[in-house]
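Right, one structure below, let's go through it.
Labels run A, B and C following the written order; every chain starts at residue 1.
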Amino acid sequence: MDITGSTTGQLLDAMQNGTVSAVEVTQAYLNEISAHGETVGAFLSVDSEGSLTQAAEVDRKRSSGESLGKLAGLPVAVKDNICTKGLATTCASRMLENFVPPYDAHVTTQLQNADAIIIGKANLDEFAMGSSTENSALQVTRNPWNIDHAPGGSSGGSAAAVGARLASMGIGSDTGGSIRQPASFCGVVGMKPTYGRVSRYGLVAFASSLDQIGPFATDVTGTARLLESIAGYDVRDSTSVDRPVPGYSATVEQPLENLRVGVVSEFFGEGIDSDVDASIRAAIDVYRSLGAEVSEVSLPHTRYAVATYYLIACSEASSNLARYDGVHYGRRAEQFENMIDMYAASRAEGFGAEVKRRIMLGVFALSEGYSDQYYLKGLKVRRLIRNDFDAAFENVDVLAGPTCPTPAFKIGELVDDPLQMYLSDICTISANLAGIPGVSVPAGFSSNGLPIGLQLLAGPFEEEKLLRAARMFERETVWHTKRPSFS
Amino acid sequence: MEFTPIIGLEVHVQLLTKSKLFCGCPNLFNPDNPNVQTCPVCIGLPGSLPVMNQEALRLSQKTAMALNLNLANFTKWDRKQYYYPDLPKAYQISQFDLPFSYDGWVEVTLPSSGETTKVRLIRAHLEEDAGKNMHDESGRGGDSKVDLNRTGTPLLEIVSEPDIRSAEEARVFLEELRLLLRYIEVSDCNMQEGSMRCDANVNLHVHEDGEKIPTPIVEVKNLNSFRGVEAAIEHEIKRQIKAWETDRKRIGDVPKETRGWDADRGQTFGQRGKEDAADYRYFPDPDLVPVTTTDEQFDAIRATLCVFPADRRNSYVSDLGLSDYDASVIVDQGREYADYFDEVTSVCGDGKQAANWLTQDVQRELNDRKIEIAEFSILASVLGTVLQKIVKGEITIKSGRAVFTELLAQSDDGSDVTANSVDTIIADKGLGKVQDTGKIDIAIQAVIGNERNAKAVEDVRGGKQQAVGPLIGQVMRELKGADAGYVRQMIIDKLTS
Amino acid sequence: MLSPEDVQKVATLARLKLSEEELEQIGHQLGEILDYVAVLDEVDVSEVEPMAHVADVFNAFRADETRVSLPREESLSNAPKTDGKYFLVPQILENA
């Protein structure tokens, strides 16, 4: 059986009917990691021993008739900003290079309860700040479709792991597009749930009102399965919403009757790559052919989204990262003159350039005399952006457009132009500001063989609708069946 | 030189919850066992998140009601950002622009003048406490030690307007605040343990040539006791007077100064000023959601409140006829003491009687035995029964004391003393005043008939009612206790009718 | 747009020790970003309420119950310097 080429559904069936054991599945992925792990650089750490032990336990439970979780035996790559007790959680930063959390994130516990196999911790942009994973202080991750290109970010490691078939699923976090954009670059499915759908307890905070943990998989059904297991109320997260979790994997196959698709005109702006434009237009045609009603929709405040995002995200980030001072955990500088110097030196050593930049912007935006003009203003424009979506969803079920205006850029191409890098988030950022869910599904390839992603957005807690709509498209296409050449 | 001291106080009290404000670690004073009451949340580990303790909010809202503060139907939490090793998140979760309560007051009566004033409160808000930083005492510049046990403890910050006009008033304000908060069981307000802390803002208004000149404000910190607060403010006022006479600096001429109180030396000392006033960069904490409370919910909390000390004092004076002094003595001893008094009063029906017994007989026993009222073996209901018998005229006060002594003896011996024990003791010791009018009659007849009393009898018959005294005494002795007033009337009636 | 003094002030507030070069570079980049952010001046927000929270959640409470704390070794496990009981930090100059 071609284990790593299988979907989560196929693997679950195979393990269920005894074709393969969980240990064999995990071993197969570990073998892939041995073979191609270094090329792709998706993992910061691989837990071979732990994962095989977990897999053996799944096999034991199955053979003794004990009940198994819904993800039993499926290896998952977990972004390294999500706490795993006893396993290093570095956030790809020198600041936390040696940090081993004494506790598990809520999501980690849920994965364990679902009997998933946490096969390794995936690379990311440092503290989730970035759109290419190039800001990782520890390692380079390459796009499995072309190793000279970036995998996207900040969850580039998780996306690349799934894209390169080094794990059957991935867990990432999305603050401004950090799941959807790398999913699009790496040719996999990636979803950002509604804010509050998945607990943030144990997710190392970047921007608290924007961060959400979400799933990666090679297909929509796998994504649905994973989302089902990680979603749900957590009393330890005050922003977690107490709403029952629908059976996403049970309904995902049901197409939506009278689906109304809104095409967001602002997402097809000047900078859009012509291959991307063509693929997405073709994708929308697929919906037409399925009987969906397609209309053009405007989100007029889109042009303010990047500015609004950076003000809010950096302000919150500057506060969330203030705790990294070398006192209670994290890197402490060796040379310093006094207490204040120790703080400043430790942070200077521990943080990379992008992190420093964002902290500086955030501190400035919150500082006395400026916070009304910057931070507060950002919060107000945010409401207008949300209002745009509320108005749009009165007339359509889902919004559609490219996940990113371009396919994966080259490694090194944008790293010296932070503003340009920020602007590549234009299609994904608004969803985080508004708190609504979004998914990226493979929708084609550029002329030089790089994946292109279709993004769908829906109203709050409409993940089920989103997944069904995504599956409608996926069923008619074969993009999601393609694999990078070496895998 | 004419001046008015202008004093404002900022008080922090730790709330009596079982667990911390944002996590389940125990809320216990534990200085000897560092870093054992901590968890990812209060250590501020990456990925941790705060969740509000409902009881802390309820206690806060109760407190606000007792302090006559307005309660906000909508309130939220903000991050106050600064760096210090005892602040692991590098921000304190506090309240900035929408505190849960604002605009209140506390009444203060100064012992020296008997004058009552109102000290207005600007606001009270709820925030988390920081940990403890301990410097290397050796002076050799060694590492400081950080203990996070206390991090995340719920703190109520109460800020007064600068309405206080003397060191005495400041002390009394704190004492009243402490009494009140202990009454409503919100905090134990122990300055030594740090569950109540106070900073004072002091300046002067100098009155000169019809002008009122404010001097620079000084913040005085490190105040560890009520006496310390009073002494520090006294000292600071004197120091500021001298400073004015020397430099004549007005408010705004220099930045706000911070001084620490050195209790041993009895003086304030300058603390190294911060170069810039701290920019706390307040913004709403995105990890916590706002809190809404309806008026009905406030009413429900209000219904659980006990009577406050000030109101209790007033009602003792106006309803029970106690003196101001006695009322204060009883109320100021704490809620359990006043509750004891209330129960005794309700059983015996005479507040003054109850007050006398509590402040004298009971207090003496408490002092001798070095116990609090809660540990006193004679329950309020039992003492109340004794006093009730006195009030009804069934026994004399002297007999009452004998019963009291016997009750104590019995409980010291290990017996249970109840209201029934009172009857038993009275009966056993024949302490009951004779009520039998027949018996009284016979005794009166005997005394009147006694030759030795002939002169007195003659006098009473003749209208000299004062002469009846010795006759009454004899009858009382004969009866071993009776209602003196009744006996007197009986004798007079018999002799004058 | 931001003077070198402004940038240094921000760096101090942010507790970041930056070299002259870094200060200049960050100052320049921040300036560019702030110029970009000025696009928000186009928006009239006079009647708009700020949106600090996107989820419609209020009154998230927990009951006042104690939970088991971390054992001390775990609390201190990531500390750069400890004596086994306390976190150790260099002496703070009093009220600096």
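We adopt the following convention: a contact is a pair of C-beta atoms (placed from the backbone, for glycine too) under 8 Å apart; a residue touches a chain by one contact, two chains touch by 3 or more.
Everything numeric here is computed off the predicted structure, so don't read it as measured data.
Chemist: For the pairs B-C and A-C, output the one whose chains share more C-beta pairs in contact.
Modeler: Taking the two pairs in turn, the one with more contacts turns out to be A-C.
Chemist: So which chain ends up closest to the centre of the protein, judged by Cα positions averaged per chain?
Modeler: Taking the mean of all protein C-alpha atoms as reference, the closest chain is C.
Chemist: Would you mind pulling out the distance in Å between where the CA atoms of chain A average out and where those of chain B do?
Modeler: That gives a centre separation of 57 Å.
Chemist: Measuring from the mean C-alpha position of chain B to the mean C-alpha position of chain C, what distance in angstrom results?
Modeler: One centre to the other, that is 42 Å.
Chemist: Any idea how many Å lie between the Cα centroids of chain A and chain C?
Modeler: Averaging C-alpha atoms per chain gives centres 24 Å apart.
Chemist: Give me the residues of chain A that touch two or more other chains.
Modeler: If we look for residues of chain A contacting two or more partner chains, we find 99, 102-103, 209, 235, 238-239, 322, 325, 327-329, 339-340, 343, 363, 367.
Chemist: Could you check chain B for residues that touch two or more other chains and list them?
Modeler: As it turns out, chain B has residues touching two or more other chains at 40, 43, 45, 51-52, 83, 85, 146, 148, 279, 281, 283, 286, 288-289.
Chemist: Two or more other chains in contact with one residue: find those residues in chain C.
Modeler: Residue numbers touching two or more other chains: 13, 15, 52-53, 55, 57, 60, 62, 70, 75, 78, 81, 87, 89-93, 96.
Chemist: Show which residues of chain A lie in contact with chain C when the two form their complex.
Modeler: 98-100, 102-103, 195-196, 209, 235, 238-241, 301, 303-304, 306-308, 310-311, 318, 322, 325-332, 336, 338-345, 347-348, 351, 356-357, 359-361, 363-364, 367, 374, 376-384, 386, 418-419, 422, 433-435
Chemist: Under the stated contact criterion, what part of chain B meets chain C in this complex?
Modeler: On the chain B side, the touching residues are 17-19, 23-26, 34-40, 43, 45, 51-57, 83-85, 133-136, 141-148, 258, 271-274, 279, 281, 283-284, 286, 288-292.
Chemist: Please give the residue numbers of chain C that touch chain B in the complex, ascending.
Modeler: 13, 15, 52-53, 55, 57-72, 75-76, 78, 81, 83, 85-96
Chemist: Would you pull the chain C residues touching chain A in the complex into a rising list?
Modeler: Within the complex, chain C touches chain A at residues 2, 7, 10-18, 22, 26, 29-30, 32-34, 36-37, 39-40, 42-43, 45, 48-55, 57, 60, 62, 70, 74-75, 77-81, 87, 89-93, 96.
Chemist: Going by the contact rule at the top, pick out the chain A residues touching chain B in the complex.
Modeler: Its residues touching chain B are 81-83, 89, 91, 96, 99, 101-103, 105, 200-205, 207-209, 235-239, 315-316, 319, 322-323, 325, 327-329, 339-340, 343, 363, 366-368, 371, 375.
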